[in-house]
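In the two complexes below, chain A is the common chain; its partner is chain B in one and chain C in the other.
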Partner chain A sequence: MTLSEVVKVDGAMGNFTVTVQQNPRYIDMEKCIACGLCAEKCPKKVPSEFDYGMGNRKAAYILYGQAVPLKYAIDADTCIYFKNGKCKACEKFCPTGAVNFADTAKTVEVNVGAVVLTPGFKPFDPSIFDYYNYQQLPDVVTSLEYERLLSASGPCMGHLVRPSDQTEPKKIAWLQCVGSRGINKCDNGFCSSVCCMYAIKQAIVTKEHTTGDVSQTIFYMDIRSHGKEFEKYYVDAEKKGIRFLRSRPHTFIPGKEGKGVKLEYVDETGNLFTEEFDMMVMSIGLEAPASAKDLAAKLGIELDKYNFAKCSSFDPVQASKDGIYVAGCFQAPKDIPQSVVEASSAAAKASIALAEAKGSLAKTKTYPAEQDVAGQEPKVGVFVCSCGINIAGVVDVKDVAEYAKGLPNVVYVENNMFTCSADTQVLIAEKIKEHGLNRVVIAACTPRTHEPLFKDTLREAGLNEYLVEMANIRNQNSWVHANDPVKATAKAKDQVRMAVAKVSLLTPLEYLSLDVVQQALVIGGGLSGMTAALGLADQGFETVLLEKTERLGGNAWNLNSTWKGEEVVPQVEKMVQKVESHPKITVYKKAELKTCVGSVGNFVSDVSVNGETKVVKYGAAVVCTGGKEYKPTEYLHGQDQRVYTHSEFDALMRKDSAELAKSESVVFIQCVGSREPERPYCSRVCCTHSVESALKLKKLNPNMNIYVLNRDIRTYGVREDLYTEARKQGVIFVRYELEKKPQVSKQGDDLIVEIEDHILHRPLKIKADRLVLASAIIANESKNLVELYKCATNSEGFLTEAHPKLRPVDMSVDGLFLAGLCHYPKPIDEAIAQAQAAVSRAGVILAKSVMPLDSIKSVVTDKCDGCALCVDTCPYFAIKLVSYADEDGREHKRIETDKALCKGCGICMATCPKGGVNVMGFTYNQIKAQIYSALQSA
Partner chain B sequence: MVVGGGIAGMQTALDLAESGFYVYLVEKQAGIGGVMAQLDKTFPTNDCAM
Partner chain C sequence: MAESTIELGREKKFSFKDKVMDMLPEGGNLNMCLTCGLCSAGCPATGLEGMDPRKFLRAAALGMDEEVTTTPWVWTCTMCQRCIYACPMKINIPQLVYQARASWPREKRPKGIIGSCDHALRTEGNSAMGASTEDFKFVVEDVLEEVRENQPGQENLIAPINKQGAMYFLNQNSREPVTEPDEMVPLWKILNLVGADWTYGTVGWGAENYCMFAADDEGWEKIVRDKVKAVEDLGIKYWLNTE
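== the complex of A and B ==
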């Protein structure tokens, strides 16, 4: 439902009635084929909101080239017809009569069981800072504007030029924390969490968008690279020559002739500098969306003081009303992986709330019986796509279509404006019947995005879906040969000829599927593991939970409170009780995974439970093997009893806070064991933990002297409030560099910490009653698990996800998911969100009793002699060697493919020296035909 | 119902639909994708955001 807004919400969980206003598009979605003629003919240019006004669109427009749905819209606010009553150019030229000026807003009522709010964020508008002159200086841009300037689909096609004179900037600076971590003028006390990393990314990729030398400077307060692999990215950026300056220039002064900017700033040595830059990028923060208050009022949910949704650490996506969930930046500012995690987490919560209704509205598609093409002569239909002007603007598609008619086996050819449009699917099905086509070639775009659509079209027309072949004359042709239409057309002919040669040899493939064991395994019984087990069981799946110790709860027993101040132990107790009494959860303590066979949907493992072996069958597993605190050997830890790690200090706080209150001075040292060559990552939680502990100490004894020795303070998101509060209460933060670490020594009976003060540049000597080391979080040993599942860890021992941004809880092995500290150090709220996300992702697999598989698999041929070369090269461990007896009873070896594990990549086929293995749909003969055809000339 | 068609909204809608629920995805703009579609590349992999 695009162009739509929620007007009203009534009812309660399980039965909400949501009133949605659908604003008019003025273009009939059913009829629009996205040919782009309406926009081409529309005379009204409007600044494009997608490019933040730096480029233009028309009043008839699509948001961006790859928009979903790919349907145009008319912007009534700027359209000439709506203003003057004249024009209608779009209507005149629209080939399908899709334009409808009489379209009106519609109000619809929708009955739903749960509502998930993901309204995103509002980019901070820096206009209110008069000293940055954002409106006056053309070469001062926001980070989002800069993102568009870099983008290949942006206003300068990815070749960076500065706005004032369209020349390539040679010297660019970024200013961090614009609209974040400041209450001067904007009341945004929080850290936006993402700007440090995006600024570093922009600085690095700038080189790819410019031709000559370019220098990049980032003005910052603290670099917050607290995510997985982020610290390495930051260190690498420094190595690449990006200049990081801990300084805050006050005013952007116009450069010469009003171009560029001049900055005056004081660096860490205390000296004043004046420097000119060709361009200035403001790293703007992420605010709650403008609609947040209104939306919250309509749904009756509570917001925090920054207008982000109020959530508890133990239920991080649950809004303050049942049946309503939040995810992404509406919950608090966060990056893409964390947003994706919460998105799945919200899906899990909604799935659990509506578990009874699951599947009740889902429809199963049915297909007609397939015609038997065996023994039939190939009759090929070729459909050549214009893709609007995407292909036709370069390739002479009519010529290509004409050429295709003369190719062997081709009996029908057609050129379509959009071969992928819904009406073309109907047409293809008609032509298959009319001309008795038994093979189809689509000369269009990439099979990666569009093959599923055409497969479906074939199936609906009664053909096996593997009888289609795509020739990618867009990505591999018109997009890369835009300035040579003649050769591009010739190449398109080659591509079509090759596709026809291959398709003629394609055979129908059997549809494969897998029976799914609708049960789950959770490995690890800490907070993440318990959350995952409860979520899976509440969705109705039988779940086995393995815990290696005698007690559930893990590290959480050692924590006092979350950063929001919620007590941890009572929550853990509640959760343990819930897990142990849940009818669908089997808890095995003192348990260890011993074996694993099978694959997604169908795993079987032996588990040793207190010495006894049990067999567990499961369709999906969630790995939550956790992490632990690094035990430091530095700073006299273990030698002087006044030196503690965080967890040791937390224990002392629980045991004897009265004694602790008597301390006159407490020193915290940050990054102990983190952000060092040996462990080049940030442990994410320690800054917040130290600040939290400092505040608790101040509460015990307001006169206590507290020092936090740090390299950067990384209290990301709304946690920044704690840092602000600590400074207000007189906690002293002293910065140190990796090369100049604090020195701890025993002088007489005194524990002495020495450090060079970063402002005075003089040595400081602090007598500490207690010294707290914010020591790193390290992953628990997972070697055994990695070997059993053939999964992977990064160089620091944290388990690897399938994609760091878009699949942050899926592991590289299908059917396995991860959550908690085994993935990366993280606080309770994020561990729980990730565990809930794993529930949702695993739930997708477990929801159906049968899972369809792709039929492109490797198959052994009679030429295989069991040499096993392919066994070693298969990256998915899908091939094994088996014995068989021939007719005379003699024993031989040959390979066998596990169809659930095989991804059809073809490495086995390329490795085999004797044609002993073939990949269906890409057999030797089919590929050979393609190659021979490529070598012929048109 | 999922309100907002950015990266978070799309992921929620996909997960729910694939788990067997009928989902309404409400977006105020003419197309889904949100801010991520406007980004050039994403770190640390430098993948195309689109």
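== the complex of A and C ==
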């Protein structure tokens, strides 16, 4: 439901009635084919909100090319007809009659069991800071405006020019923390979490959007590259010549001739510099949208002081009311992977809440029996689409249709205004029956969007769905050859001829499916593993939880509280109790995975449990093998009792806080073992942990002198409040560089920490009663697991996800998911969200006893001689080498492909030198026929 | 500033910064510094005396009271407040500077500023230039007469003095009547053009208050009180101070 707003929400979990106002689109979504003619003919230009006013759209428009659903809309506020009662150009030109000026707002009631809130964020408006002159200086842009300037679909087609004079900027600067980490004139005390990384990305990709001779400077306070692989990206950016300046300029004034920006800044030694930049990008923060408060009020959920949804660390997507879940920046500013994780997590929470009703509204579609086309001569029907004037405006479709009639095997040809329309589907089915068609070619648009529709039409008509072939005469022809209709028509004929050649050789493919073992395995019994097991079991799946030690809970036992101040141990106790008493969870302690056979839907593993072997069958597994604290050898750790790691210090705090309160001076050293050549990543949790510990110490003894020696403080998100509070209470933060680490020594009985102050550049000598080392988080050993599952780790030993942004909890092997520290260092709330996300993703596999599979799979042919070349090239580990005996009892080898794992990519087929493996639907003969046909002239 | 080692550690002393924080709402946010350098980027006194606002605040935060209370840099601050205006943490550096000035023995403070403060305390008009009310009155009347005679259209220009019950009491920086008398005229013209009912006074007419810059709280207060009294004595509703 687009253009919709929630009016009110009644009811409770399991039975909400949501009243939605659906505002008019003035375009019938059923009829609109997104041809774009309405926008082309619309005479009214309006500044495009997507391009932040730097480009125009029409009053009839789509916001951007990737809009989903891809349907146009009329903006009644600017439309000439709505203003003057005249125009209606869009209506006149719309080829499908989709324009409906009489459309009105509708109120719709939706009955749902759970609600997920994802209203997103509002980009901060920097106009409030008059000293940056954002409104006055054309070449001062926000990072989102800059993103549009870099975009190929943006106002300058991705060839960067600056707004003042449309010339290419040579010298560009970014200013971080605009509208974040500030309490002066804006109240956004939080860190927006994503700006450091997007600024670095923009700085790097700027080179690709200019003629190359460009310099990039980033003005910053702390670089927060705390995500997986982010620190390496940052270090790499420095190597690429991006200039990082730890400084905030004060005022932007116009540069030469009123263009660009002139500013002053001080470097770290206090020297004042004046510098001009051609362009200035403000890295604006992410704040709660104005509508957040309103939405929260309608749903009766609580927000924090920044108007982000209030959630507990132990239930990170649960809003303050049952049945309502949140994800993304509505909960706090965050990046894409974390938002995607939370979205899956919210889906898991909703499906657990609604587990009882699962499947109760599902309907199954039935098809007629398929006619057996084996042995029949190919009888091809060709349907040539005009797509309104989208194709017909360039390609002579009548001529193409006429041409198609003369092609081999073609028995029926028709030209349709819209081949994809509902009535055409009926017509195609009729023609299949009437003319006994057993193969169909659709010459229209892309199979990416439309092939499923035509496949369904064939099935409805009693044909196997793999007997259709599409020729893309729109995207690959009329859209790109608009200026040359003659050649376009000739090319369309080539395309149709190739499709006919291929379709004639297509054979019906068997519909594949997989029986799924609707049981799950969770490996690792820490917080993530327990969360995953509970989530799976609460959805009704039998779950086996393996724990290598004799106790569930993992690292969480060693933590005192979350950054939000919630006590950890009582929660762990509660969770352990729940897991151990859950009827659907079998816990194996002192357990280890020994073997693994099978693939997604059907894994079988031997598990050693306290020395005894047990067999576990499962359809999906969640890997939560965890991590641990690095035990430092530096800074006198292990040599002086006053030197602790975080977990050691937390233990001391639990044991003897009275003794601890007597300390007069405590020093923390950050990045011990992290951001070092041997561990070039940020451990993400240590800054927050140190700041949190410092605050606890201040509570024990407000007069305690506390020093936090750091390289950057990375209290991302709302955690920044802790950092602010720590400073407020007098904690002193001193920054050091990797090349100039603090020196720790024992002088007499005194523990001495020496460091140079980063502002005064004078040596500091600190007498410390205690020294806390914020040591790195490292991944647990996973070599055995990696070998068994054929999955992968990155160079630091953290397990690799299928896609770092879009599939952050899927592993590269289907059916395997991951969560917690084994993926990357993370705090409790994020580990739990990730475990819940894994539950959701695994649930997709486990939900049905039979999983349908695509039929485009590789199959071995009799030419295979077992050379095994393809085994190594298959990216999905879908091919293995097997032995078989021939009639004479001689042993041979050949490959076997796993239908569940094969994606039909064809790499095996391209690798094989002897035609030993074929991909169904794309066999050698089929592709060869297409190529030969292409080489013929019309 | 010397490069000697700064010793930190166990003993908690009540530093100069703590003292200042006790005097300010929210402690003037003096602890909140992110060391971003924005203050110093915008400060006209950055680099003078080897100091800038960030270093000054940092020295205070590290308890280096000796440096903080003796650096002559504090006297180069113009009290323009550009630092606090844009500081992301809204840190009241100007107040820290002010209190550092106040910690100086009066006789050690810069002669020019102290001298101006003393002049103002001594004269009826609170003139930092030490100008007498007679001279001020004479110059105003003389300049007014000249403008009326020589500038067409300004025949009716007025510059009232001691007009009982006027709407606005206008102060005048005493540098103008003493060194640049013609500079007074544009404001008169504006006030007349808009029809403002305004007046100068013979008491407390000086707009400047160097006792504030001298961090002489008592003198500052006395001058402000004198000026307020002058406004009230004439029964005037608004006090216009152009400084």
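Following the convention adopted for this analysis, the second predicted complex is superposed on the first by the 800 of 938 C-alpha atoms of A that agree within 3 Å, B and C clash if a C-alpha of one lies under 4 Å from a C-alpha of the other, contacts with A are read in each partner's own complex, and residues count from 1 in each chain.
Operating definition for what follows: contacts are C-beta pairs under 8 Å (C-beta built on N, C-alpha and C of every residue); 3 or more make two chains touch, one makes a residue touch a chain.
All values derive from a computational prediction rather than experimental measurement.
> I'd like to know which partner A:V115 touches here: chain B for first, chain C for second, both or neither.
A:V115 contacts chain B only, not chain C.
> With both complexes superposed on chain A, which partner does A:S4 reach: first (chain B), second (chain C), both or neither?
first
> Where does A:S561 make contact in the superposed view: on chain B (first), on chain C (second), on both, or on neither?
Neither partner.
> Going by the touch definition up top, name the partner, chain B or chain C, that contacts more of chain A.
Comparing chain B with chain C, the partner touching more chain A residues is B.
> Looking at A:V844 after the superposition, I want to know if it touches chain B, chain C, both of them or none. Which is it: first, second, both, neither?
first
> So, A:L361: does it touch chain B (first), chain C (second), both, or neither?
first
> On the A-aligned overlay, A:N703 touches which partner chain: chain B = first, chain C = second, or both, or neither?
After superposing on A, A:N703 lies in contact with chain C but is clear of chain B.
> So, does A:G328 touch the first partner chain B, the second partner chain C, both, or neither?
first
> Check the residue A:T873 against both partner chains and state whether it touches chain B (first), chain C (second), both, or neither.
Neither: A:T873 stays clear of chain B and chain C.
> Kindly list the residues of chain A that each of chain B and chain C touches, one partner per complex.
None.
> For a test of understanding, state which residues of chain C touch chain A in their complex under the given definition.
Per the stated touch rule, the residues are 1-12, 29, 31-42, 46-47, 52, 54-55, 58-59, 61-62, 82, 85-90.
> State the interface residues of chain A toward chain C in the complex, per the touch definition above.
129, 131, 177, 181-184, 221, 246-251, 263-268, 270-272, 664-665, 703-705, 707, 724, 727-730, 732-733, 735, 757-769
> Residue numbers of chain A touching chain B in their complex, please.
These residues of chain A touch chain B: 1-6, 16, 18, 20, 25, 50, 61-64, 66-69, 71, 73, 110, 112, 114-121, 123, 144, 147-148, 150-154, 158, 197-198, 200-201, 204-205, 229-230, 232-233, 295, 327-330, 336, 339-340, 342-344, 346-348, 350-351, 354, 357-359, 361-362, 803-805, 840-841, 843-844, 847-848.
> Under the stated contact criterion, what part of chain B meets chain A in this complex?
1-12, 15-16, 18-22, 24-47, 50
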